[in-house]
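Note that subunit A is present in both complexes that follow, paired respectively with subunit B and with subunit C.
The block that comes next holds the complex of A and B.
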């Protein structure tokens, strides 16, 4: 009895301590809310290595936005690799946030829409975001709908994705090779043979373990084998490994591997940066955007040219490359939308956010051109993640028509038949995990030609089947059919 | 003669076995040290040579470029050093203080609630609230977001260390010593710091070493609680760089990310240099704690 009392007293004492401390914490929180009646204080989480001058720049931004829309902005940057995990914790714990960056690749957009992390913004968009609707390519807003609603504002930049073959121009010139006729995987062969014969030390066909030969299909989930043919009319989901196109591509890859064009390490190596740094390669495949050749050449320090390997396709992944969403727990959703509207339509604000303070981080050389000053290293932001790119000032050596080229590129893009369809794998999550495991086991070795597809493709297909591929495809097909019926 | 040889054989190994054991031990320690030596070598390799030739034991071209890069761009690194050293020292002292008191209390048989408090500690080993509730407590209840205390408090108490130290007190500090203090008129605190603590130095050193390493190597708390780049500890900074590298590589298909960002990340050699710089200081922690690992202090202090 006595013992019990003692324990109770102890627990009571501990509770009291927690409560007192908790009360202190709450007081701290309320202060910021008190000022809210006048000016909205927006908190903006975005991706990228934290920069020293973010606070200084945001003070300027806030001064500007306070005048325009009566809101101030605090930006919190979270480093690339931490973003996903940290934002999950932030969302789950109800950390105060208003605007957050999300994309197909980091802090997954669709997944978090389904978890309820973001506010549905259909009404806000019509009421406060008219500028966005008028400015950015309609394909973005259409393509980023989940289950028929908008949950974020995609950044206006390159809309479709297009695969290109990149060539090391030094080697092209040396052997006087013509890339005009290159397009398919097979068409590379004569060029690669020349290089292999003359330059035994060069990696002819550079690739890492994530390489997948291009076939004209759109994947339901990046790098998992469920896909729909691009020119489909019956919206049938297939296992990519069972298609004739992929079988042929794998056979070709195997041929190239045996001819020594592909490095024996390809199936295990995580990046080709060694090759691009040393210039010891001849051809590889990459995703392009307008003027990418110039950027590649500038980055690597030697000329790189490219030629298309596919059409420009608008897919979910390309549309969801960079999105800004308003959080479900935002205190000022209207102000947040007004701010996003301003960010995507007002060049002054957009450039301030991107390049910092004029005279400190950059200087203007004429109306729409700028040059970075040495201080720019303290405010070096990833432009793609911060809203409408087409409002940005040009850099010193950008061509005058940079954004026109982008607009043309976007206009050329062809929408994938399943653009806007987002597979919800909740019902088949066990099978999805098993499929992921099978994929880890076979994928890279098959795709890089390291193993013989005649022998291993049937094994891999069998393994996928055992992992529950058929059930996943049935489930996905049902969802897709429903989506198609609704869309029509 | 015969007798002599026998006794020698009894005490030591035959030369053959001796050589064999030494060779095995040498080989094993080489295996342990080699990866680190290799990292050191890579950090002194020229970046371009590394890209062309790959990793080599004796690089074609040596360079201190990585170190000058780290130190040039490196007020970041120095700040992180400061943070790590601060939290390691403060944290270790704090956790030694708390753990030694707590476990001493529950090691004393005359303490009425020792069962309750032992269970109380063990309970946290078996069950915990999980990441999100912990996060909410630390940031919202305790208000430690972006504070260095958020790196210190969560690691300060550790139920496992409490159990180790309690067992240490119980086995190597005989009750009779505590009694003798009482007879001489010492209070509980005096007994603790004049008699028990000096006898438990090896145990305290063990816990001290553990928690020093724990603080030095902790990166996860910083990932959760620290946003301010000036308060990021060393390991967390390395982790951020590694994570960011792999994030960018995974997303290298997205041309706009990879092009812009690849350039801003440190190269291979610079990362190795950071690893070397982050590891060196902690190596010296071992000899420091080693001198406390003396056993047999209590032999002969009590006659059973």
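The block that comes next holds the complex of A and C.
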């Protein structure tokens, strides 16, 4: 009997332990509250494959920031493919954090602003972020406003987006082709015909399922068909599939597909990296940035040249390519802003975060040039996501005027008419879910020329209409009209 | 109370064995039930954590459920989900039992183990990898099937653009992946059958086929019913990987590959409305629950001992 009681107590104890372990995930990280002198411990979530030496580097960074602004930094990296999902969970569950990476692509900036994930930083920016305001291109802060307020600090880098045709130069040279006259989709035809006739094993026009022919419109939401013409004067939102430009482009794509320029798999492949790695392609379309040709050639191991396919346009997507936001549940919003201010203005800090510890991960070759050391593989960070790029040291092969070229490129960018307008789809979320599904069904097949637009386009338009496209456009138009009226 | 404690005492070993499973269900199935409230909310973050967010978010009634039923797609996804799952359950049952019986009849036990392992293996592959296997057969310009067809002078088929083949392909692929795993349960049950029954049958001159029909299958029936009832409970859940990765998310195939899970994923991946995805999950659970109750009721009416409860 006695023995039995002991067992029961054991069961009870085990249950209790399980319960306690389960429940304690929620508290923690609440130690500081009073005393202005206390060091702020900032927690920073960012995107990228977790690096072995992050902690070591952050110790150095913390030592530096402690001295400058009395704050230390812990960086938590989440891998590319997981970032969106894990951050949804982290934010939804109220995990302690202060600064997080967000963008138009990963952990969507605008959507999460609307859901209340980030702190509104208008006042913080004037009080603690003056350095940022003075340093980064004003287009960034203007373009990343949502409903008139700032919620994050965009990284200072290339501001507009510009589409280019990229060519495999080996093939251009072999057949002595001139890309000087190339600009429109149609203008590619004679070149592609030559390659098709002579190189049966080359994929002439490389693309994956996300390919969309360029038309001079800016989309309200990337890859959904609501768009406004770039040279609009009445700010009318249209379904891109109903425009003459897109109809013509789709017909051309169909023609190219039937001529065998486009791979029959194009509508289902997720990436063209096997083509670019093998060099088995002739032309594709890509987004450019200054000096991109050099970078592509270096990455692929053979020369790549490009020529513009569009103007350089500043759009919401291009402005929101990389943003660091302060979370709504931040313990130290002021310190977080001070840190962001320092990160975007102080070359020492910015380069430490980017390249690691001097002498371990990299070495200086002169004042503003560096070379990676073998240890750099333990601290290989994506530069674009970590703040002001124009403070970065140059690599060995970069031209001296690298950042001047960027500034020039940024100055040439033309603002889209709807730059700064962010559609709030909350009122039509049911229709949006249906439209997404219709889009997924028809989009890739149409855009890659896999199906005949004469047959499929009417079906697709009908399906969009049924899914509630008209209501979405009406709602968006009302919001846009209001925004235009306010802006004027 | 005393009686209850006494009962606990007497069964303490059994209870202890149940404890890990019970704890698992408590934490991962019962506690999250509270989150079901999110299905009726327009979920917005609050700085004070999950509970505050849940409480403070605006009530929207049934609005989160509307997207599931708002278009023609509602009919297609429901039809696809149900029909495919019915096909998987029935065909899967037949093949798994047949496989288990065949394996149990193989005299060379070592060889039987090899077959069993071989058939078990696909179960451990992720759908993404299976998707690439299938792609190597069906790729339009480099695939095995199209090369074979061209050998015979048949023009190649655009597999990923032609919906009519896909119901068969999906059922075949699903069978290939799941049969080995499902047959293990039946194999274990067969091993548990009293050998003397077969011996008696053999003395009476029963053939192999008569033994199977009159001994093995009747004794497997309770297991078959339990397995089928459990599967019916999941009939509104489609295997996401099968319907997303294997057809390579090809839009032209949606009429035969779009199921509830892929529809929800595609509809919400950009907006990420937590309320709407919770609503979809709740809908699936409720329908699954109702279906289990109904089929259990039917089974109980026919054969009381075979019902789950």
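Just so it is clear, the second predicted complex is superposed on the first by the 451 of 488 C-alpha atoms of A that agree within 3 Å, B and C clash if a C-alpha of one lies under 4 Å from a C-alpha of the other, contacts with A are read in each partner's own complex, and residues count from 1 in each chain.
Everything below uses one rule, namely that a contact is a pair of C-beta atoms (placed from the backbone, for glycine too) under 8 Å apart; a residue touches a chain by one contact, two chains touch by 3 or more.
Values in this document were obtained by computation on a predicted structure and should not be read as measured data.
Colleague: Determine, for the superposed arrangement built on subunit A, whether subunit B and subunit C clash or fit.
Modeller: When both complexes are placed onto subunit A, subunit B and subunit C end up clashing with one another.
Colleague: Touch check for A:263: first (subunit B), second (subunit C), both, or neither?
Modeller: Only subunit C; A:263 stays clear of subunit B.
Colleague: Could you tell me if A:436 is touching subunit B, subunit C, both of them or neither one (first, second, both, neither)?
Modeller: After superposing on A, A:436 lies in contact with subunit C but is clear of subunit B.
Colleague: Could you say whether A:451 touches subunit B, subunit C, both of them, or neither, answering first, second, both or neither?
Modeller: In the superposition, A:451 contacts subunit C only.
Colleague: Would you check which partner chain A:49 touches, where first means subunit B only, second means subunit C only, and both and neither mean what they say?
Modeller: It touches subunit B, and subunit C stays clear.
Colleague: Between subunit B (first) and subunit C (second), which does A:384 come into contact with in this model arrangement: first, second, both, or neither?
Modeller: Touch partner of A:384: subunit B, not subunit C.
Colleague: In the overlaid three-chain picture, which partner chain does A:93 touch, first (subunit B) or second (subunit C), both, or neither?
Modeller: A:93: touches subunit B and subunit C.
Colleague: According to the stated criteria, A:288 is in contact with first (subunit B), second (subunit C), both, or neither; which is it?
Modeller: Touch partner of A:288: subunit B, not subunit C.
Colleague: Contact-wise, after the overlay, does A:274 reach subunit B, subunit C, both or neither (first, second, both, neither)?
Modeller: The answer is first: A:274 touches subunit B but not subunit C.
Colleague: Take the contacts of subunit A with subunit B and those with subunit C, and give the residues found in both.
Modeller: Residues 7, 18, 22, 92-94 of subunit A touch both subunit B and subunit C.
Colleague: What does subunit A use to touch subunit B in their complex?
Modeller: Touching subunit B: residues 6-7, 10, 18, 21-22, 24-25, 28-29, 48-50, 52, 76, 78-86, 89, 92-95, 105-106, 157-158, 208, 210, 270-271, 273-275, 277-278, 280, 286-289, 292, 295-296, 299, 321-322, 380, 382-384 of subunit A.
Colleague: Considering the complex alone, what residue numbers of subunit A touch subunit C?
Modeller: The contact residues of subunit A facing subunit C are 4, 7-8, 11, 14-15, 18, 22, 26, 88, 91-94, 108, 111, 115-117, 209, 221, 224, 263-265, 267-268, 328-329, 425-426, 429-434, 436-437, 440-445, 450-451, 466-468.
Colleague: Would you mind writing out the residues of subunit C in touch with subunit A in their complex?
Modeller: 8-9, 12, 15-16, 19, 23, 27, 42-50, 52-53, 63, 66-67, 70-73, 139-141, 158, 160-161, 248-252, 254, 258, 263, 266-274, 276
Colleague: For a test of understanding, state which residues of subunit B touch subunit A in their complex under the given definition.
Modeller: Listed in rising order, the residues are 47-48, 50-52, 54, 113, 116, 131-132, 135-136, 139-143, 223-224, 227, 229, 239-257, 259-264.
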